[in-house]
Amino acid sequence: MRILVANPNTSADMTDRLVKVGGAAASPGTELRGVTAERGVPFISSRPEALLAGAELLTMIATHEYDADAVIVAAFGDPGVTAARDLFQLPVIGMSEAAIHTACMLGDRFAIVTFSPSFQRWYEDCVSMTGLGGRSAGIYTPDVPFSSVANVQDEMSGALIDTANDAIEKTKADVIILAGAPLAGLAPKVSDRIGRPVVDPISAAVCQAEGIVRLGGRALAGPKLPPKSSIDLPATLRSAIAGE
Amino acid sequence: MRILVANPNTSADMTDRLVKVGGAAASPGTELRGVTAERGVPFISSRPEALLAGAELLTMIATHEYDADAVIVAAFGDPGVTAARDLFQLPVIGMSEAAIHTACMLGDRFAIVTFSPSFQRWYEDCVSMTGLGGRSAGIYTPDVPFSSVANVQDEMSGALIDTANDAIEKTKADVIILAGAPLAGLAPKVSDRIGRPVVDPISAAVCQAEGIVRLGGRALAGPKLPPKSSIDLPATLRSAIAGE
Amino acid sequence: MRILVANPNTSADMTDRLVKVGGAAASPGTELRGVTAERGVPFISSRPEALLAGAELLTMIATHEYDADAVIVAAFGDPGVTAARDLFQLPVIGMSEAAIHTACMLGDRFAIVTFSPSFQRWYEDCVSMTGLGGRSAGIYTPDVPFSSVANVQDEMSGALIDTANDAIEKTKADVIILAGAPLAGLAPKVSDRIGRPVVDPISAAVCQAEGIVRLGGRALAGPKLPPKSSIDLPATLRSAIAGE
Amino acid sequence: MRILVANPNTSADMTDRLVKVGGAAASPGTELRGVTAERGVPFISSRPEALLAGAELLTMIATHEYDADAVIVAAFGDPGVTAARDLFQLPVIGMSEAAIHTACMLGDRFAIVTFSPSFQRWYEDCVSMTGLGGRSAGIYTPDVPFSSVANVQDEMSGALIDTANDAIEKTKADVIILAGAPLAGLAPKVSDRIGRPVVDPISAAVCQAEGIVRLGGRALAGPKLPPKSSIDLPATLRSAIAGE
Amino acid sequence: MRILVANPNTSADMTDRLVKVGGAAASPGTELRGVTAERGVPFISSRPEALLAGAELLTMIATHEYDADAVIVAAFGDPGVTAARDLFQLPVIGMSEAAIHTACMLGDRFAIVTFSPSFQRWYEDCVSMTGLGGRSAGIYTPDVPFSSVANVQDEMSGALIDTANDAIEKTKADVIILAGAPLAGLAPKVSDRIGRPVVDPISAAVCQAEGIVRLGGRALAGPKLPPKSSIDLPATLRSAIAGE
Amino acid sequence: MRILVANPNTSADMTDRLVKVGGAAASPGTELRGVTAERGVPFISSRPEALLAGAELLTMIATHEYDADAVIVAAFGDPGVTAARDLFQLPVIGMSEAAIHTACMLGDRFAIVTFSPSFQRWYEDCVSMTGLGGRSAGIYTPDVPFSSVANVQDEMSGALIDTANDAIEKTKADVIILAGAPLAGLAPKVSDRIGRPVVDPISAAVCQAEGIVRLGGRALAGPKLPPKSSIDLPATLRSAIAGE
């Protein structure tokens, strides 16, 4: 099967990393194809940026859906995921919802650990969107700054482990989610130093997307929206909205 | 004071109507200025369309904020309102949140009456976004189809009155919100045939925006986001995101 | 328009201050008229006192409603507001609900800052009454005692600013409400030393009351209760309950 | 032990009935003493009336608490119960909270059946006040009018049984509460014609009050409020508020 | 009346203590009969153990229900209580639900104080089961270890008093529940050193069971389940499930 | 990988069917091994039966965990799943939680359709246990009786399709879950006659279990409970509880 890994950030390096890490969790025969946003910001970290990224995601899927069995929205926070699900006739899975639903089958409550306090509010919105706020033990970040998004998982791994263990101690969280695309692939490297199971979101998303494809794939998409005319949208998106 | 009425639909006729109806509720000395989306769909009726409209709204505000004291997002459903509030240094008020908060000072529970069942899910999201789901008595629509968005409030007024009165009877709702930009201005015309107070959203939004300007205006905007580089965004929005 | 500022405390000085501060936020042509409770306690600070004040409020409105377009219940905690709304045929707006609904159009979450920990439980009830508990970031008070309710806003302004900034730091609250009638008018004086927008409740209530009068005024009151006989109530209240 | 049955309605006949029905559930050695409100309305049926009744209740308890081990607030809706609990140094139990908490030890969800649709909103508030809204299956009333509060339980018993059985069928409620002082004593008479356990509120309140007295009585009252001066309150209430 | 005190732990000493402490709260004429689990663990402290205890409880009630008017599930956490209520034709009251419902008639919010942090999660489940999570101020334990379950209430009484007072100070809890069968009988001994009312769960359960028997007893049990065949269950339980 | 399909009902035929249907959704290389409860009831349909089944499940896993990478609790309602997760050092996935979490990645709200109204309450508990009650559109059953659990999916397929389509029409549910082990395998056969995506619980559970094994398997189990002595438990369960 073919899964589109749609990164709504403009960083192609990040897309490559997500495809590589996600690929390690994939079954034989699953092909991941990465695409990167052509407009927007290099790394989404606020709600206005997420809104723009969500809109761009629709164009990305419109352009590439023809050769995919499912789409992963490859940014924590899942920008555009519900809108995409309404518009396209194929499964669309968010990286953060995949991590959260998976975590909920590993224990009662999950804590999210990420690398910058500026994501807190946005990630809270994202937990609320799943309806699983009652099972969240909170969102935790180290108090230390980082020098580069590209290297943050190496640079901060010690601080992230401490933050995770502190959150477990303080909240009795059963599961840790290491969140944010720049932390992709960190979970398996550090899980033996964290006192509870650790979930890697892109890997969880790959497993969830594969499962949904095996359960029915495009047959599990909702009904089509009525066709609509539009003004000045990219051609592929215009077609999708026109129901062409 | 000057209030920007930003209509994220592409219908200039709708903008004119909203400015006219809203103006009737304004105080002397308040000037409403309407702007209409340059890209998107004529009338938003789904989540993908609302997502695109929210993104377009950011460009609209970026372009026009310099001569406004506050912005009204002039589409029920408030696309982009929280993102705009985070990005811009002036008050941004959604037409639906204004209607809902106003309704909550008129009675315990409000029911929303609109003209098409296809808005139901989207309006539910919008109620949830305010946190006032516990005070909602539901969203109700007539069972009859309509021929034109432009004339729907004349065409359906009888059916909308019946729907409102049925909702009051069934749910003991204390207040009715007549929702959807095409119904702007209908509330005062029909309120004496509906058994509970009726709120007109654009009028409520004008009153809320005026009040917030009198309470402090731009001083009531939150702190600035850190500046960010971006790719291929409209110039005014690029500047806003760059903190220029 | 004429707005009745009904202070259910027995302190006429407090009434005068509320009318003065609220008047500064009013539009030209709005007249605020203050009335003070004739029985009860000088400054409500517990639930039994609030209950008595709520009952007294009904008599106050019954006596003065004839020459008002709307009533503001001028005590944080809004004693009697829902009961008054059911009984009288004019809009009744609580000072705390006005502040809370206004705050919710300025940001996602509000924190309430007040001057005595003894109000905490009572203010929590008041937040719950609005249904907006999910958007509250909590109620905070300085740890220091105060010498006089009359001077508390001067005496404690530094401590209140620190408490507000600590609450913002700790809870990421987006908006601060400076609550309690004795703090009326403090918000604009200290807002430049607090890192987020600050709402003054009596000013918010005046703006909400004006808006509701412009949206329809008495036409926005709910239906009449059936008339009822009563024993030994003040004459004006007896008449109101008798539907006279 | 002595339990004060404080009826905040002005109907002495109702007080007598409540004392008689409640007495049948009491243990040997328990003495119930009824007192009736001296001001207010004969039968509370709205929120303004409940507010006045709650204020009157404080005076009633202030006058009679000296010779009671506990107080029952003998009106469904429990007007004034939390305020009274804060003010007085003895247990205060509401008739409706007693019924609801008892029902929750008999099954998962309870439905309330009463005789007039005009109580619905008020009873909903009362369920919310207990925090047990999640276990409520709703409030149900027959569609038929009644001629007299005094005889309503005889007049409507058939309709109430049908309403209860319909509610059970429709909602899978596990327990029925027959609510409203005028229905006191009906539960045991009709329980064999209702498909689920039926709770009589005044009887439940007597059992809860007795239990709380046996568990500690006045030692289970909360701490005293600080003393307060007041203006123009009844002498016994003035003393209670003054902490005399 | 006869009340079965069914201890689903295998410690007969604990059963004796619960019967003795509970007996002190009982009315004259009430006989408590203790039974102890024949399989399981000496002292339940995890969810798997509680699950086994709940299953064993069904056998215990099946064996002894013939000579009881009501059953108390005598382990904090109420293992098996809802299942038992569905299966048997007599009232079944859990020790923790009885404590929680009683506490809710003494104040707005209760805090639970117990002796081991390992119970925290399990007690949270137990609070959730009552639906009263919104009135819980949390679960608190001393930081010190204990040497023996049998003596824990003597050994830790000072630490438990401090923990209770700290919880009151920090959370403004109105009522304290001293939870866990090994603390049975501690509440009355220490209540004068704790700043808020203190509830003893087994005593609360005895009062609730007595009250429910007086309100109707077996007539308050729900309807019978349809009879069912089963494999390899204890004879009395097999009969109960077979509806014999 | 090897996945244990633990059926806590005593019907070996049901186990065979679940293994067969689940196997069709499995990846190459995944082996499903079915085990059937040795004590309990043929088909769980009430809470007491589910409690006994949960206890039996612990013994089943204790006996068979040595040659499994993960366990599926193969009864809708997930009896014993959280207790098993606490006790054993391997992933334990419930059939209903798997279906519910999967459904939540296909649409906003799911409706559960099953074949007997007697499961309603029990399934509601099961939805609550996931924390996703806010995304449930309810539980629906045909009004017609069935003659045999073994054939119910053939016998009732038309009625189940109608019930699903009615629920979609009425509640705007986005996804349907066909629940109850006897309906295993029905979803793919009828999905083209149901207007929204349809989830088959055992297939969803197999996909979730496979995903979790690929994400880490036993490394994703929580920490061990402290060892405990016990009385009269089956040998393998005794060992598991003793931490042997």
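Worth a mention:
Letters A, B, C, D, E and F name the chains as they come in the text, with residue numbers starting at 1 for each one.
Heads up, the rule we're going with is that contacts are C-beta pairs under 8 Å (C-beta built on N, C-alpha and C of every residue); 3 or more make two chains touch, one makes a residue touch a chain.
A quick note: this is a predicted structure, and the numbers were derived from the prediction, not measured.
For the pair chain C and chain F, chains touching both partners: A, B, D, E. The chain pair with more C-beta contacts between its two chains, of B-D and B-C, is B-C. With respect to chain C, maximal separation of chain centres occurs for F (centres as means of Cα atoms).
Measuring from the averaged C-alpha position of chain A to that of chain C gives a distance of 44 Å.
Averaging C-alpha coordinates per chain places the centre of chain C 30 Å away from that of chain D.
Each of the following residues of chain E touches two or more other chains: 82, 108. According to the touch criterion at the top of this document, the contacting chain pairs are A-B, A-C, A-E, A-F, B-C, B-D, B-F, C-D, C-E, D-E, D-F, E-F. By the touch criterion stated above, chain A contacts chain B in their complex at residues 10, 38-42, 45-52, 54-55, 58, 80, 82-84, 86-87, 118, 225-226, 228-233, 241. Here chain C touches chain E in the complex through residues 120-121, going by the rule given at the top.
Touching chain D in their complex are the following residues of chain E: 25, 27-28, 82, 85, 91, 93-94, 97-98, 101-102, 104-108, 130-132, 134-135, 174, 188, 191-192, 195-197, 199-200, 203-204, 207-208, 210-212, 214-216, 219-223. Note for the complex: chain B touches chain D at residues 108, 172.
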